[in-house]
Amino acid sequence: MIFTSDNWAGAHPAVAASLTAHSSGFAPAYGASDLDRKVEKTFNEVFGQEVAVFFVGTGTAANSLALSAINLPGGVSFCHREAHVIADECGAPEFFSHGSRLVPVDGPEGKMDPAALEAEIARFPAGFVHAGQPMAITLTQATEAGTVYTPDEIRAISRIAKAHGLPLHMDGARFANALVALDLTPAQMTSELGVDIVSFGGTKNGCWCAEALVFLNTDMARQAPFIRKRAAHLFSKSRFIAAQFDAYFENGLWLETARHANAMSARLQAGIGNSDNARLAWQSPANETFPIVSKALAADLAKKGAMFYEWSAPRSAAHLVGPGETMLRLVTSFATTQDHVDQFVDLLG
Amino acid sequence: MIFTSDNWAGAHPAVAASLTAHSSGFAPAYGASDLDRKVEKTFNEVFGQEVAVFFVGTGTAANSLALSAINLPGGVSFCHREAHVIADECGAPEFFSHGSRLVPVDGPEGKMDPAALEAEIARFPAGFVHAGQPMAITLTQATEAGTVYTPDEIRAISRIAKAHGLPLHMDGARFANALVALDLTPAQMTSELGVDIVSFGGTKNGCWCAEALVFLNTDMARQAPFIRKRAAHLFSKSRFIAAQFDAYFENGLWLETARHANAMSARLQAGIGNSDNARLAWQSPANETFPIVSKALAADLAKKGAMFYEWSAPRSAAHLVGPGETMLRLVTSFATTQDHVDQFVDLLG
Amino acid sequence: MIFTSDNWAGAHPAVAASLTAHSSGFAPAYGASDLDRKVEKTFNEVFGQEVAVFFVGTGTAANSLALSAINLPGGVSFCHREAHVIADECGAPEFFSHGSRLVPVDGPEGKMDPAALEAEIARFPAGFVHAGQPMAITLTQATEAGTVYTPDEIRAISRIAKAHGLPLHMDGARFANALVALDLTPAQMTSELGVDIVSFGGTKNGCWCAEALVFLNTDMARQAPFIRKRAAHLFSKSRFIAAQFDAYFENGLWLETARHANAMSARLQAGIGNSDNARLAWQSPANETFPIVSKALAADLAKKGAMFYEWSAPRSAAHLVGPGETMLRLVTSFATTQDHVDQFVDLLG
Amino acid sequence: MIFTSDNWAGAHPAVAASLTAHSSGFAPAYGASDLDRKVEKTFNEVFGQEVAVFFVGTGTAANSLALSAINLPGGVSFCHREAHVIADECGAPEFFSHGSRLVPVDGPEGKMDPAALEAEIARFPAGFVHAGQPMAITLTQATEAGTVYTPDEIRAISRIAKAHGLPLHMDGARFANALVALDLTPAQMTSELGVDIVSFGGTKNGCWCAEALVFLNTDMARQAPFIRKRAAHLFSKSRFIAAQFDAYFENGLWLETARHANAMSARLQAGIGNSDNARLAWQSPANETFPIVSKALAADLAKKGAMFYEWSAPRSAAHLVGPGETMLRLVTSFATTQDHVDQFVDLLG
């Protein structure tokens, strides 16, 4: 019963098989192989347009290099207070963008509130050098709260971005989970809503180590080859990432694994809904579930072999957690089995 | 007949098999898995001491983070003029060490001349803020010229490092090739000669993507966990690197693949020695061979299916290349076959 | 009636005279002149200990280089939400410390609340690379709200710093104003309370351009000469700063000018206290005064020649400003005259 | 007899007087004063076009911020091997341009040889991420060797810059000395020859601390306000720089002081030419003179009160210095007197 994180899983068998299949023979290095080129074309098809795509090894790299590519001196980027870029990346985005700043924006259930976003941007009037200057907006889809921005919600943020002339970046470490939750195409969830750059994650959804920095706005990619290489994120045997993505996209595997992860989370949520000993902090259509339970139950679950993190309730949800209670985070993945979910629900009682 | 680079090969079957074997199941992320721990211990055994080891994805990352860990403001590091750090890393070492400088040191056959090194260091007198301050010496073993520093040669450089209080870094992208060429243990080639930090490469010698930043001087590693994470080089499913190294070290596979690569290069050199149409620029005991041939022959070789790079002769060897001639670089690897070598030698005539 | 900022004043006549007096003749450059050395010794006397002092041209430079000198990868520094370092320096502290982060800490009247500070630090558990690591605490004395930390308040913050092993930096752009408000010696306000580094400001208090980065903890200064030079903040004719400080310290001029500025602010506050049309947002013993007036009165004051900034009320004071009201910031300096103060008070009615 | 450096002088009396004259009264800070605006307009007149001008405190700041404004990831700038940017700025240019690299170009008498420049640029083929990418050419006028590029020589370098799409920067720490040596207008020495950015120095030629970053190509200045502020080089009482420049330009003072400095150097050179005990390493029309003398004479000169630096002969001139000989650097300035020059020449015998 492993619900700690989707990155505790290994690789999907198809991904492992693809790596093995491509391990023999020779091919040009640094992204110039036929396989690299083939997968780059697949990205064009996936996004329904010509994109500029750069394979990297970590989601933090994709996010950080995205901000590096649109960097401004004294720049300030806006993200949700609980976003991975600001909470979990050890300052990599700031480092790679030469000291630019991330400003936290509040909003319930992991999503930036547009009014709060506007208020934060307003603190940086155009041309006022003392404060610094707005540089980007970055949203996380699916969010760290397991929720997803609806198209209308993305559009609302995108309008603010356009009004201020700011690039809009989407941290898609769980892109597939959001996509299938919303039943949209990638274009419908990104370019059609004004998203300029996507950190497209494969690792959490079945790959070993496969992330892609995808520029929908290809003008912003002009310096990206040098930015990636200078960051030491250009792999010599780049096709080991391409091979993973090749299997990932083959026959819609990526959507299937995401659907499975989401379904396992929905099953958890249904079970929690039926339990007298647990309740959901909020509904979350992607692959993370946040129940509130008594501390005693949490300890008991752990003792009986369930693995998860107790979660520090975000500001906007702190009031939901009563005395003697705690919030858990349960993450499902392609590797989560229905048995484990049911076992867990049983333990809740 | 692929002699372009050792990074055109894929992964050794044992490495691919290890990845597949470890792809199922769950394990703690970010380097905390049992497999990560096991392989870290293997590194202790390999180096015959407690080391601080950090898995990363590229040799450029290992080199750059090494310099970042010993960074000084206005710092200046010394390396051979043709070293990978200065010639092939797009400024990553400078970027990660906050603008420190790499100063090229001359020397024949890819190896720094100790006197030249001393002369360069002398340009930066202690405490003279205008020039900047010496920060590190970095040598490449095996070198970019396919040669290897002998223990005495490393000792000579190490003495200079110690005399100036400078950390000594070894770029070991081809560590194994040098090791078997010299028939030394890792400790004999590093710690016993005063090397403080090693960029330990697995990728060119049979892995997909497995490099390790190894601190023999563990004091220098204190900030390394944060430096790696801030650089976006901490992998969530870190055990995919551990799994590669696990197979790499198993039963001495890494020494065997390196021996094979070197042997293939030696066979090339023997063949070239017997040819009337080619001659060696210099002897190179590791896995790179540098013949000089007529431009006509180079074109003919390429037409007949041999793949290699024409090589811009380094300063110290420019006089070896006559008019109408060109220097080639031939790189062998675990995947190079004797057949291909013999075919190539036959083509030389 | 100029109350916009203390940096709208020029230079005190004694400072100007000192510059003229030292403008002829020759002297070693880059801080090696007799005058530089003399003023460095004066700093030792002022702080009652051997200090390491570095002249720079701006307060932002002093603050940024201080943080650069104690920089950590993934580092996080804690400051008040309205502190100059986070609100007014265009990301210079982050830039000079290679992308380290400033975390805002709340607290009333411009002063960090110790409990809020502890809570913020607790978000960065030791060794947890994802969040980053605590690196420094920086407090502003006098604060941006014209208030001053009492010795006990500094001690409370210093204890937190020591408990977490964090250097304590004081932004003393208005150091003298705080000092005379508290009637302490520099040592009593800094070293005796555990302050490690001071940005010692002269510019706002009568100099043209004279700031000093003062290390009370001289161990932290080891790299400072290179850090300053690399930042392009080492002046060739460094004695033009020394000459300013020489006059500044001569016969206690600096304390006299600060006392005058504070007295002018006190006079403003008394006048505001006696007015029916204005009230103080809070008492502020240094040289800034924050009245709340009707927007109509603010407009009228401006029309009649008073110059000041309307001030965005900080979070903790937003409730003090009623509808139709606005908060003003009035800053006094060595150059403020009693006449102007009285004229302004008269206009309040 | 001070010939150590032009930055050992203080400030010209007119500059000191201007500072005193402007020290009273109030004025908007951060460059918004009437005086700042007036001097900005003077710069337009001086350069015969609308320029974007940014006052800074050091020549190193001007050079570094210039490179920061045209920064590219993995960028490589080309300068003469003895240029101040590469030899005397402690890596500030690299730091401010996020780790970009300076590549030394050889050439006699302090001037880049165009063919050598082309050869260095050729090492960085377009789009080849491993090497990095050309980013700028920077030349020094007058050079560190006291020589000046002729218009034709600047044009030759400018053509190379344009051919490669590279911005051309001029380090004009001794701009005025070159200008009067060539008897050109600023436009004739810069914009008409394709120079894009000038570091315009006032400090060495009579100011305390007055440098200006001047963009002739104003497109390149778009981010400069933020770049300067982020670098902590925006002065609050910015008019103290403006006041210096105001006096500097008044009635052509700057040309007069430069002419005097050059004349003093010419007088030195004439004296050396007439001496049997000294000879010139090369002719230098600006304000630096490089005689070669016996070591015994050098010691004797020093003993008798002459102050100068012995100069490490550059590569291209090493053969000029015989055994038992040494090269001196003699720098003159607005403050050098004819008496001191004659005294020195007398001592040569």
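Residue numbering begins at 1 within each chain, and the chains themselves are lettered A, B, C and D in the order written.
Keep in mind that, in the parts below, a residue touches a chain if its C-beta (ideal position, glycine included) is under 8 Å from a C-beta of that chain, and two chains touch if they have at least 3 such contacts.
The chain list, named the UniProt way, goes like this: A, B, C, D = L-threonine aldolase.
Since we're looking at a predicted model, the values are computed, not measured.
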(message) Taking each chain's centre as the mean of its CA atoms, which one is most distant from chain A?
(response) D
(request) For the pairs B-D and B-C, output the one whose chains share more C-beta pairs in contact. (result) B-D
(message) Centroid from C-alpha atoms only, then distance chain A to chain B, rounded to Å. What do you get?
(response) 35
(request) Determine the centre-to-centre distance between chain B and chain D, using the mean Cα coordinates as centres, and give it in whole Å. (result) 41
(request) Please compute the C-alpha centroid of chain B, do the same for chain C, then give the distance between them in whole Å. (result) 50
(request) Among the residues of chain D, pick out those that touch two or more other chains and give their numbers. (result) 30, 73-74, 89-91, 95-96, 98-99, 129-130, 132, 226, 229-230, 234
(request) Take each protein chain as a node, join two nodes whenever their chains touch, and name the resulting shape: line, ring, star, complete or other. (result) complete
(message) Touching residues of chain A toward chain C in the complex: what are they?
(response) 73-76, 87-91, 94-102, 129-132
(request) Can you check the complex and tell me which residues of chain A touch chain D? (result) 30, 68, 72-74, 98-99, 127, 129-130, 132-133, 223, 225-230, 234
(message) Which residues of chain C touch chain D once you look at their complex with the stated criterion?
(response) 2, 4-5, 7-13, 15-17, 19-20, 22-30, 56-61, 64-65, 89-92, 95-96, 203-204, 208-209, 226, 229-237, 239-240, 335
